[in-house]
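The chains carry the letters A, B, C and D, assigned in the order they are written, with residues numbered from 1 in each.
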Amino acid sequence: MVTVGIIGAGRIGKVHVESISTKVANARIKMLADPFIREETAQWAKKMGVAHVTKDYREVLADPEIDAVLICSSTDTHSPISVEAIRAGKHVFCEKPIDHDVAKIREVMSALEEHPVKYQVGFNRRFDHNFAAVRAAVDAGKIGEIHIVKVTSRDPEPPGMEYVKVSGGMFLDMTIHDFDMVRYLTGCNATEVYVEAAVLVDPAIGEAGDVDTAVITLKMENGAIAVIDNSRKAAYGYDQRVEVFGSRGMAAVSNDTASSAVISSAEGVTGEKPLHFFLERYMDAYAKELQYFVDAIENGTDTPLGVVDGLEPVRMGLAAKKSLAEHRPVKIAEIG
Amino acid sequence: MVTVGIIGAGRIGKVHVESISTKVANARIKMLADPFIREETAQWAKKMGVAHVTKDYREVLADPEIDAVLICSSTDTHSPISVEAIRAGKHVFCEKPIDHDVAKIREVMSALEEHPVKYQVGFNRRFDHNFAAVRAAVDAGKIGEIHIVKVTSRDPEPPGMEYVKVSGGMFLDMTIHDFDMVRYLTGCNATEVYVEAAVLVDPAIGEAGDVDTAVITLKMENGAIAVIDNSRKAAYGYDQRVEVFGSRGMAAVSNDTASSAVISSAEGVTGEKPLHFFLERYMDAYAKELQYFVDAIENGTDTPLGVVDGLEPVRMGLAAKKSLAEHRPVKIAEIG
Amino acid sequence: MVTVGIIGAGRIGKVHVESISTKVANARIKMLADPFIREETAQWAKKMGVAHVTKDYREVLADPEIDAVLICSSTDTHSPISVEAIRAGKHVFCEKPIDHDVAKIREVMSALEEHPVKYQVGFNRRFDHNFAAVRAAVDAGKIGEIHIVKVTSRDPEPPGMEYVKVSGGMFLDMTIHDFDMVRYLTGCNATEVYVEAAVLVDPAIGEAGDVDTAVITLKMENGAIAVIDNSRKAAYGYDQRVEVFGSRGMAAVSNDTASSAVISSAEGVTGEKPLHFFLERYMDAYAKELQYFVDAIENGTDTPLGVVDGLEPVRMGLAAKKSLAEHRPVKIAEIG
Amino acid sequence: MVTVGIIGAGRIGKVHVESISTKVANARIKMLADPFIREETAQWAKKMGVAHVTKDYREVLADPEIDAVLICSSTDTHSPISVEAIRAGKHVFCEKPIDHDVAKIREVMSALEEHPVKYQVGFNRRFDHNFAAVRAAVDAGKIGEIHIVKVTSRDPEPPGMEYVKVSGGMFLDMTIHDFDMVRYLTGCNATEVYVEAAVLVDPAIGEAGDVDTAVITLKMENGAIAVIDNSRKAAYGYDQRVEVFGSRGMAAVSNDTASSAVISSAEGVTGEKPLHFFLERYMDAYAKELQYFVDAIENGTDTPLGVVDGLEPVRMGLAAKKSLAEHRPVKIAEIG
């Protein structure tokens, strides 16, 4: 039984409370820390079996019973709290991104070299049943040598403008998941990125200095070409598809729906829209990534994604920003 | 080059004129006969390359250059003209059903014994790409021993009431195609039929003594169970599906559509309705059945369906009528 | 918070332990009773939060803290324990079938008249996301007046011969779920049943006096015709589909799969097989039915299916057996 | 009735002979010209109703009865014969590409200004049922404002190396169809192109100075971003899909197959591979483009694609080559 403390009681923090309480049998949550925690949330947490609620995350780090912490606080605190937690000898599960600044991530890496605890980054999509099935097909050799990878990733609606302004831009906030997906599916790093992007969804996003629509092309170490298409708003909901094409064939997945019901009528043959957004689509994946993390601690094995898996997508995102700014292909090596 | 005469210039007669003119390279139409042929139709036929138009089908039978006749006249004339044509030494392609009366079909069989010309019945659906693919899977052993056959056959709209009254009833008019399909897919005859039927589409059909909705269960010689479901009106169009289930698996086909376009929007994910009705759905099958007929003549081989394939579905239809009337399972052997 | 006792620690009893422990927030299990409970199971139960394990179900009924019992013991004990529990003032969730004998079910009904506790029967498929979506389409009027209902229900493999012998026959063991499904989808009772059945999967099943393949036609009170096709063995796995066809259109569902991954290769375009069997396919439905049961207790509302919903499918099953034995359509009114 | 001469009796010339003979009712072929025509082809042409066969295309241009010519000769002759034919007052249907050299295409444009005959370029895919349905959805406003266009275009096998060497490179030979598709679907021109490409299928293609795998990003005049992915070899056959995504939704099409048959077995659920290559997939589109051309002549209306539709994809292809060579985004305006 692994004893866990959770730092941050926002949306994703609550998802993790629920996952551990109901789906991860070999873990329990001893403490939940959030400086702004609401009474309502605290009560809910207790009902979910959380023993103690605090405003100070340092309490979590100081508790000798706590084996591991989940860092779900605001993005700017991910890397400093990671370092603190590592130094306190806690295993760390850190939400993505570790930081927008490569130097800060390297500090986490240094801390890990000194204190080799388990470290996992929250790229939950790797644990989705569909994407895992594509990866399994790749691993089984069914696709052969990979030639082209396509990732479609479109949100049902843009985030609020306050969030857009602090998000680090679409590439570091949204595409970062797709950068990880490309690495996951190909099993290698990107060497170069080229971005074509535009503001087509909402002019306010453009005014905030960001884009909302993009096609991003990547050259991969293994010679494959990857392409990601992003939109901040798909009228039909959360569009999350991938396709891997290679010398022996193709693996592709379609969106998940609430049911397979299809209505045939005078108007046409109509199925359901994709599950609305990430909480609906990836709920199982959120639980599964924690199960892997907890199992890695219990069994003394590697976590499925380490700190380098947190670093590379940030480099790709920074290279994408540079590509857009300078209107040219940018090598990943140009970044940090 | 096979020289053909066509008797009957109604809807299906015209389909055959067009098929032979444009798609059957080794046949030409010398004569088209219809007592009520309209000037407009005669002109159209000439443009399609028909050499001669007549009101008297006997002209067709008398022409020594004509190798084969297609009988597309009204149902009550199918069997007498078949006999005449056979006796005149013509190969015969006869639209379904040969007759509603088994004795009349047996007369055609007798004529064929005396004059062994080629004889083919117009069960066009055997030549449809989808159903042929299911049959090919069965033949290739992919389904194993057949256990259950399901045929869904629903029209987009009921025929006019005048037609309903002379049609011989839904089982001999519409289900007859499905009876043939079951024989085609299983490669054997039915031994027993049970009907559950109702008038749910239009009370006028009931007043005319017919039904418009039915589920028909069949016991097959090879032990399989077949079930057909029929409706005279599907709001979404012509529904033509089959499924063959056996010891090794299942083969199933879905409907054909005009395109594979799917629109995803706030309203759902919508594809096209099935092709509207038999002329849209089976146009290629109509041409293909004639190609097989013409090739059988040219090559001196068997036609893909002979007179017995015209007889059995009629017996099944008559047994179905008896089952409905007497509310019990009826053996095919009880019929003629 | 509803306090629950579970009687029976077999496969389905364990499923309910897990569902309540992890997915039903407003219920807790105080006791688990099974005369043959293994030490291993008892330990597992404690880890799942079950406070007490016993060999005597009467302990459950005697405990005044327990509000409700789930009866998951062997079929022959369902009705007597139901009656005992009702008389003890416990709300009852009873696995299907309540009994194979209509008279025994009527005893449960009598007990309920005297002690009107909540009573729910375990027809879990009503809580499946796919079937519920079809029912929702029916309720929303999208199908119009129902004309034809089709249920395909095929197991991946037949049960062991020991089980076959005590199962009451395929219609009471397996088809009973489909009988319930037809009632659920149409919202009305059947009036007549006709069975065509055979032994095509395993001769041993025939030697045990049962069948393994069937097509069952039903006449419904609302005029619709329903047809169920069953097989004890589908090579490709658990096949669970329904289709409702009516005056305005059709609603249909396909099977669930572990992922939507499709591999295109030189061999074809291949998707996954259906989820293997009921534990994989209906795990969520098992939790949902209990949530409804617990909520009905908490809120003092009706359970989603009452004792009559347990009775009718048994009558349909007995009528089906009679139809097979006497080779004729049988009215449900002929049964009890 | 439009009288046609066909110049070139290679593969595509024969397709057009067959289309006009069997599917275009209001046209007839008076002459077929090819300097290397084989006796076998000449005989076949006569059987298809071609009145006269010649080795000298000038005979076609000189025949006053001939209204229109189809130019199906080798690519290097497309533009000079176009000019000659236009000057001879013939309407012209010219296979793609008109030329690899923009200056040569401009000569054709000049000739057309002096002699305003009908001129149509053979981008057959615009007449495919699937792509036309997507375009219809766009025109009907179902997609709203277009944001992203995706075209997948993969051949089942690379052409022979002799052909590769004279093809002008993959972008002018293969992608040119996709460039046209992007223009067709968006209804506007591209302004910039960026290419990521590689040799992953066959090193010999690289040795010949060409690529066989590419992802091509395009900026469109209307603000949309388009992306094409190409491969010279898909193990599962000819992959021809498009997707248009916009403010109101998405329209997408899948590949055509010979049948909708799906086999479910212990191995999985397997449908057919896409139709093998362009002759199978686009046979109807080839006939339809000619029907439009002939109708434009008969009715004095515009052809569905004029000479500018022949020019723009060549400019896009040349820009793509430049992008690949110079490893940077290239404006279409940089080309001719």
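Just so we're on the same page, a contact is a pair of C-beta atoms (placed from the backbone, for glycine too) under 8 Å apart; a residue touches a chain by one contact, two chains touch by 3 or more.
As the structure is a computational prediction, the values presented were derived from the model and not from experiment.
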Most distant chain from chain D by Cα centroid: C
Averaged-CA centre spacing for the pair chain C and chain A, given as whole angstrom: 39
Geometric centre distance via CA averages, chain D-chain C, whole Å: 58
Cα-centroid distance, chain B relative to chain C, in whole angstrom: 42
Residue list for chain C, restricted to those that touch at least two other chains: 234-236, 239, 248-250, 264-266, 272
Graph class of chain-chain contacts, one of line, ring, star, complete, other: complete
Residues of chain C touching chain D in the complex: 234-236, 239, 264-273
Chain A contact footprint on chain D (complex, rising order): 144-145, 147-148, 150, 154, 194, 196-198, 200-201, 213-215, 217, 219, 223-225, 227, 229, 231, 233-236, 239, 245, 247-250, 327-329
Chain A to chain C touching residues, read off their complex: 22-23, 25, 47, 129-130, 132-134, 137, 142-143, 248-256, 258-266, 272
